[in-house]
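Quick heads-up: structures coming right below.
Both complexes below contain subunit A, partnered by subunit B and then by subunit C.
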Partner chain A sequence: MRRKLPTIAIAILLSYSGFSQEEGETRGQFSGNFQLDGQTYVKDSLSGAEEAPEDVLINAYGNLRYNYGKLTAGIRFEAYLNTLQGISKNYDGTGIPYKFFNYKNNELEFTVGNFYEQFGSGMALRSYEDKTLGIDNAFEGVLVKHNPYNGLYFKGLVGKQRLFFSQGPGIVRGVDGEFQLNEAFKLDSMETQITLGGSFVSKYQPDNNPLLKLPENVALFASRLNIQNGGFTLTSEYAYKVNDPSADNQNNYQPGQAIMTDMSYTVGSFGLVVGGKWLNNMSFRSDRNARQNDLLINYLPAISRNHTYSMAAMYPYATTLNGEAGVKGEIFYRFKRNTLLGGKYGTLVTLSYSRVNSIDTTNLPMFDSLRPHWNRYETKFLSVGKERYYEDLCLEVQKRLTSKLSSIFTAQYTAYNKQVLEGKDGMIEAFIFVGDLSYRIRPKHTLRAEIQFLETKQENGSWLAGTLEYTISPNWFIALIDQYNYGNPEGDKQLHYYMVRTGYTRGSNRIQIGYGRQSMGVICVGGVCRVVPASTGVNFSISSTF
Partner chain B sequence: MKKQILSSILMIAMATSLSAQKIPSVDLKTINGKIYNSSSITNKGKPIVISFWATWCKPCIKELSAFHDNYIDWQEETGVKIVAISTDDTRSMSRVAPFVNAKGWEFEVYCDPNGDFKRAMNVANVPHTFLIDGAGNIVWQHSGYVEGDEEVLYKKILELKK
Partner chain C sequence: MRTIYLILTVVFATLMLHSCDIIEGNPYELGDIGDPNDTASVDATKRVLLIEFTGFKCTNCPEAHYQINLLKVTYGNRLLPVAIHAGTFARPTQSLPYDYRTPFGTALHNHILPNSYPIGLVSSLSSSNQSSATDWAGQVEESLKVSTSLTVEIENSVVNSDIKTNIKIKNIKPEIAYNDLKLFTLLLEDSVVGAQLFPGGTTVNDYVHNHMLRHGFTTSHLGDNFVFNNQNEFDTVYSVSIDEKWRVNKLSVVVFVTNSDDDVLQTNYKNIEQ
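And then the complex of A and B:
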């Protein structure tokens, strides 16, 4: 039955496209995109890079969308032949894991097939895709959205989640409501804007455990608030999950709780963000045995900043789903033109800080047959534990020096508790400095030089990294990158990780090819990470949007 | 099965008289957290530039800064409106408004925290910029940004005036 879906969608499309010629007004539109990433792998005993028995590995996908008035349909073909190192081998193969059709008018919208959706901040439910991380937890099922009155929005969904080329065992049901008070009561002119929201999500998975009595239906409730007045915005969401023993929490029967609050204020060229987050036992998956990034129903982003420079991002943090307490703060300020610190072009200064600790817990007695429904520990809401998981402080200055020369300077301190988070290497403390200069030689020719320095006494020791990049608008770029791990405590691992990369862009078509040695590292997007193994070889990619 | 799909697609392609792609209708969020439909993005018959970016994306910020430096002149000459779509998700969404303000950008800014609009516009990576003509048709697009690309975009905007 599942396999018939695309044929049905296409049959509907066909019948609609017939109309287009008669009506002449609304016409069908095709659009889509394509991306291919490949790499060859050779053995490199120095960096620990492995060869691939296939010699070359390729990941590729293509999306095709068709829109006709209120109707949209789409499919995505994916090929992993075989999948790139670092992305789960479970992807190996080809298929059409994404296919849907959607109807939308002013009041009602429904989608059948595969879809992505987010309730509120995602704390209750978020399905999304990130190809660089190999994440895709799309639902296959039905999604309905309804907007009966101004300011009142409802969503409901039921589905199973994607697990590589198959689906997880659990069924997910969810409803979400959002109420924009000012729109509903025609108070748009009022200075204070208030939005309230609430979600209910429930998952069902049969209990096959011979020893424990596991809950087959697990519910999660969330409520949220957004208040805005002038440059001030407050966003907060609280979620409560009933008992959900799983592989993540070692069959802990304790309920889970989370709260996340962000406040921002901005006036003139000044901006401020402060936020706090506390959670306990909040992993929520549509298979209680799933691990890593598989089958997550909700999304709990890291509170730390997403750093872009490779050295600054050497020790990224991902949320500890079993419990953490965190705070963050960030100040933006632009010194205006023609002031002492602003100079001729103005200067943007950003100072950010984040810190994550454990939560305060008291262990309860170990499992015994008299207490099958076991709470592993006790904790108080908003309690903060003594263990530091992560901390960073980052100062960034962006300044144009002359009409041709612009610069970014960054100084950063990062502490990453690898001992607790990954079980080895102790607490890592690193200082990072980055200088990034762009010089426009001619209107379309730019030379960019980037120098990065990471100082640490732990793990792999200190690094010095440099990038030279030459770009010719609008078509060409070439870049030389070298990352030198000169401080590695093991002498033969004091390696140069070099890379040469060139690419050609025309409109939305891009072709890129590179060669070099890549160190083992972690790629993170939105606080979700994946480990990239060391590799040596040629890498190439082609992408296009149409 | 796959052959069937392919042949069906070909049949549709032949049966449909294709037109240029328009801005799809997707719910975005304003930087104040209100729901805003992408089909409401208009500019009274003048061109629109839609640029996908994120606060953690350096080339995106370079691109929008270059647009910002030229925006007054471009508006005077062509009446163009620039709309910046932030793809920051919940993790960094609260940074968008203060960051945009500190930068002094005067673009319309909307948030696409779960990538719904990005998907509907078939954007794979940021930055990605679209040019929409006065009739709402997507007439040009470009992925990535290197310094000087803003001139190419401006030429395309000027071509629409003719």
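And then the complex of A and C:
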């Protein structure tokens, strides 16, 4: 059955397209994309890399979309033969897990099949895919969007979430309303723009636990506010979840709460961003027994800065779903040209800070000698605990030195509580320095050199990393990378993690191939992370859009 | 038309607002499944095997141990837990030099490749059936409903410094045919006092570890193949020298049988000292 429906969908799409050609007129449009990532794996006892019995592992997918007037339909074929290391092996195999049909007119839009959707910032509901993290929690069901009056928008959905090549056991129902005051009251010319919103999401999963009375319907409510005036923006969302005992919270029955507020202000060369987040017991999944990144209904972004350099991103922060309190701030200023600090070409200076602590909790006494109290602990809204989970202070200076030479220099301090976040190895404190120079040799030819230094006394010790990259725009690039873990306390693990990589881009097609050794680590996107195992071998990718 | 849409939206939203169950007070329910202390070894009373991959450095594992204790209260000896200490969280360190790993446990761990810790397998040895501690109660309940025609008899003896275990597997319904049967025989120890890390990194040095795998009698971590004789029986004997760290009065033998789908069809146990 898994294959039958998509086959019928393809047949309908192709026959419709064929009909169009016979008529000799353009009646619709196909679009899509293709991506293939592969890697060979050889055993490397020094780095701990494991070989793959298959020798080569490949993840690939292709999207095909057809649009005809108010109608859109699409499918995605995926192949994991077998799944790349670090992504769940439950993906092994092939299939068409994504197929949909969408119709939209002025007032109503509906989608049947698979779809991605987000309510507000995602604290109530967000389904999305990220192949890098191996996440895809698309809904399979029905989505309706309705715009009854100017400025008033409703969404409603019901569906099950994707779990590899099947669906999770829970049914998710959700409604979201958004009221754009300026549009509703024809105040478009007013400088201040105000939007209010509210969401309600409920999940159903049968209670099959003979030891506990579990709530079969679990609801989450959220409200939000957005105010914009010129360079000023304020966004805030609050969410409340009723009792939701689960694997994440060890069957904790107390309600969950979260609030997240961001404020930004930019004027001329100056910018300021401040934000805060507090949450308690806010994991919300369509299977109470799911773990890792499976079947998440809502999305709680990390408050820390996303770093792009490999050493700066060595210890990335993932949101602690069971409770955290965090603040962030970022200030930037662009010194103008022909000033003391701006020099001939201007200078951009950015200073950012973020810190995440535990929330303040008091453990409740055991219910009896075998069973813990069902609420586990008590806490007060917005209370801050003493335990530091993460801290990050970063100064970045971007400066063009000459007409051909530009630079980025970064100094960073990171504290990462690995004991709490990964369950081992205590607190890690690291100082990171990055220098990045780009030199335009001649038009279209650029040489980029990057040096990174990470100093720490904990875990694997200090690192020195260098990258040399030559780009011939817009087609070619070649890069040599070496990360040297010279400070590893175990002498035989003071390794060079080298990599050579080259790629060719032409039009909408791109091919890339590399060879080398990759260290074990963690990658995160927006506060959601996965562990990347050590690997050694050839990696390659092909991508295309049409 | 707009008004109709709006009314429908409000009706739908109102219905949704009812989709919320709030549990007041004590949510614990202890089930009743008959005599939980039934340990008869010669009938085909279904028993359920729960393999838990754990480690003394795994801070979330004590929660899983709670779950197992709860399940033992309800299901008694119809539930046989096996705690396998293996992987990252079981490796000793300089400050915590405890090593509860076994070659059998490590081999099975590397075969299953746990997605996270703690993780369990209920009546299965298939990697795809890994489940979280909060899922075990439901799985145990379901597994107990699956009948079996296999019985497992175990007779243990201690001769000098060796443990000898005689095992008899019997199919009491010969009309049910089994193929690709595999036998697993394990030695467990209860009440092993040692270190255990708790959330936040707190170390409890006198934590009591139960159902700890101490030895795998079976030749391979993938089990020993066997076939029934004409009487629909299979007999075998295993032995092992007693390690000086083991306390004989806390040891027990757990035996289980799997099929080609890695389903655990039946399991049983017997203490070394009765």
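Assume the second predicted complex is superposed on the first by the 513 of 546 C-alpha atoms of A that agree within 3 Å, B and C clash if a C-alpha of one lies under 4 Å from a C-alpha of the other, contacts with A are read in each partner's own complex, and residues count from 1 in each chain.
Please note the rule applied: a contact is a pair of C-beta atoms (placed from the backbone, for glycine too) under 8 Å apart; a residue touches a chain by one contact, two chains touch by 3 or more.
From a predicted model like this one, the values you see are computed outputs, not experimental measurements.
Give one word, clash or fit, describing how subunit B and subunit C relate on subunit A after superposing.
Once both complexes are aligned on subunit A, subunit B and subunit C fit side by side.
Just checking: does A:301 make contact with subunit B only, subunit C only, both, or neither of them? Give me first, second, both or neither.
In the superposition, A:301 touches subunit B alone.
Answer with first, second, both or neither: which of subunit B and subunit C does A:33 touch in the superposed model?
The answer is first: A:33 touches subunit B but not subunit C.
Based on the superposed arrangement, let me know which partner A:212 touches: subunit B (first), subunit C (second), both, or neither?
The answer is second: A:212 touches subunit C but not subunit B.
Which touches a greater number of subunit A residues, subunit B or subunit C?
After superposition, B is the partner touching more of subunit A.
Per the contact definition in the header, classify A:269: touching subunit B only (first), subunit C only (second), both, or neither.
First partner only, subunit B.
Kindly classify A:340 by the partners it touches after superposition: subunit B alone (first), subunit C alone (second), both, or neither?
A:340: touches no partner chain.
If you stack the two complexes on chain A, which partner ends up touching A:444: first (subunit B), second (subunit C), both, or neither?
First partner only, subunit B.
Given the overlay on chain A, how many degrees, to the nearest 10, lie between subunit B and subunit C at the CA centre of subunit A?
Once the two structures are overlaid, it is 150 degrees.
Just to confirm the value: shortest Cα separation between subunit B and subunit C in the superposed three-chain model, in whole Å.
Nearest C-alpha pair, subunit B versus subunit C: 20 Å apart.
Going by the contact rule at the top, pick out the subunit A residues touching subunit C in the complex.
Counting only subunit A, the residues touching subunit C are 88-90, 107-108, 146, 148-149, 154, 156, 173-175, 177, 200, 202, 204, 208-219, 242-243, 245-247, 250-251, 253, 288-292, 367, 370-372, 374, 387, 419-420, 423-424, 426.
Would you tell me which residues of subunit A are touching subunit B in their complex?
3, 6-7, 10-11, 13-14, 17-18, 20-21, 27-33, 35, 63-67, 72, 75, 96, 104, 116-118, 121-122, 126, 128-129, 131, 153, 178, 180, 183, 193, 195, 226, 228, 231, 233, 235, 262-273, 275, 299, 301-303, 305-308, 330, 332-334, 346, 348, 350, 408, 436, 438, 440, 443-446, 471-474, 477, 505, 507-508, 510, 526-527, 543, 545-546
What does subunit B use to touch subunit A in their complex?
1-2, 4-5, 8-9, 11-13, 15-22, 24-25, 31-35, 56-58, 62, 89-95, 97-99, 101-104, 113-116, 119-125, 128, 140-144, 146-149, 151-152
So in the complex, which bits of subunit C are touching subunit A?
1-3, 5-6, 9, 12-13, 16-17, 19-23, 26-31, 57-60, 63, 66, 69-71, 73-74, 88-89, 113, 115-117, 127-128, 131-135, 137-138, 141-142, 197, 199-201
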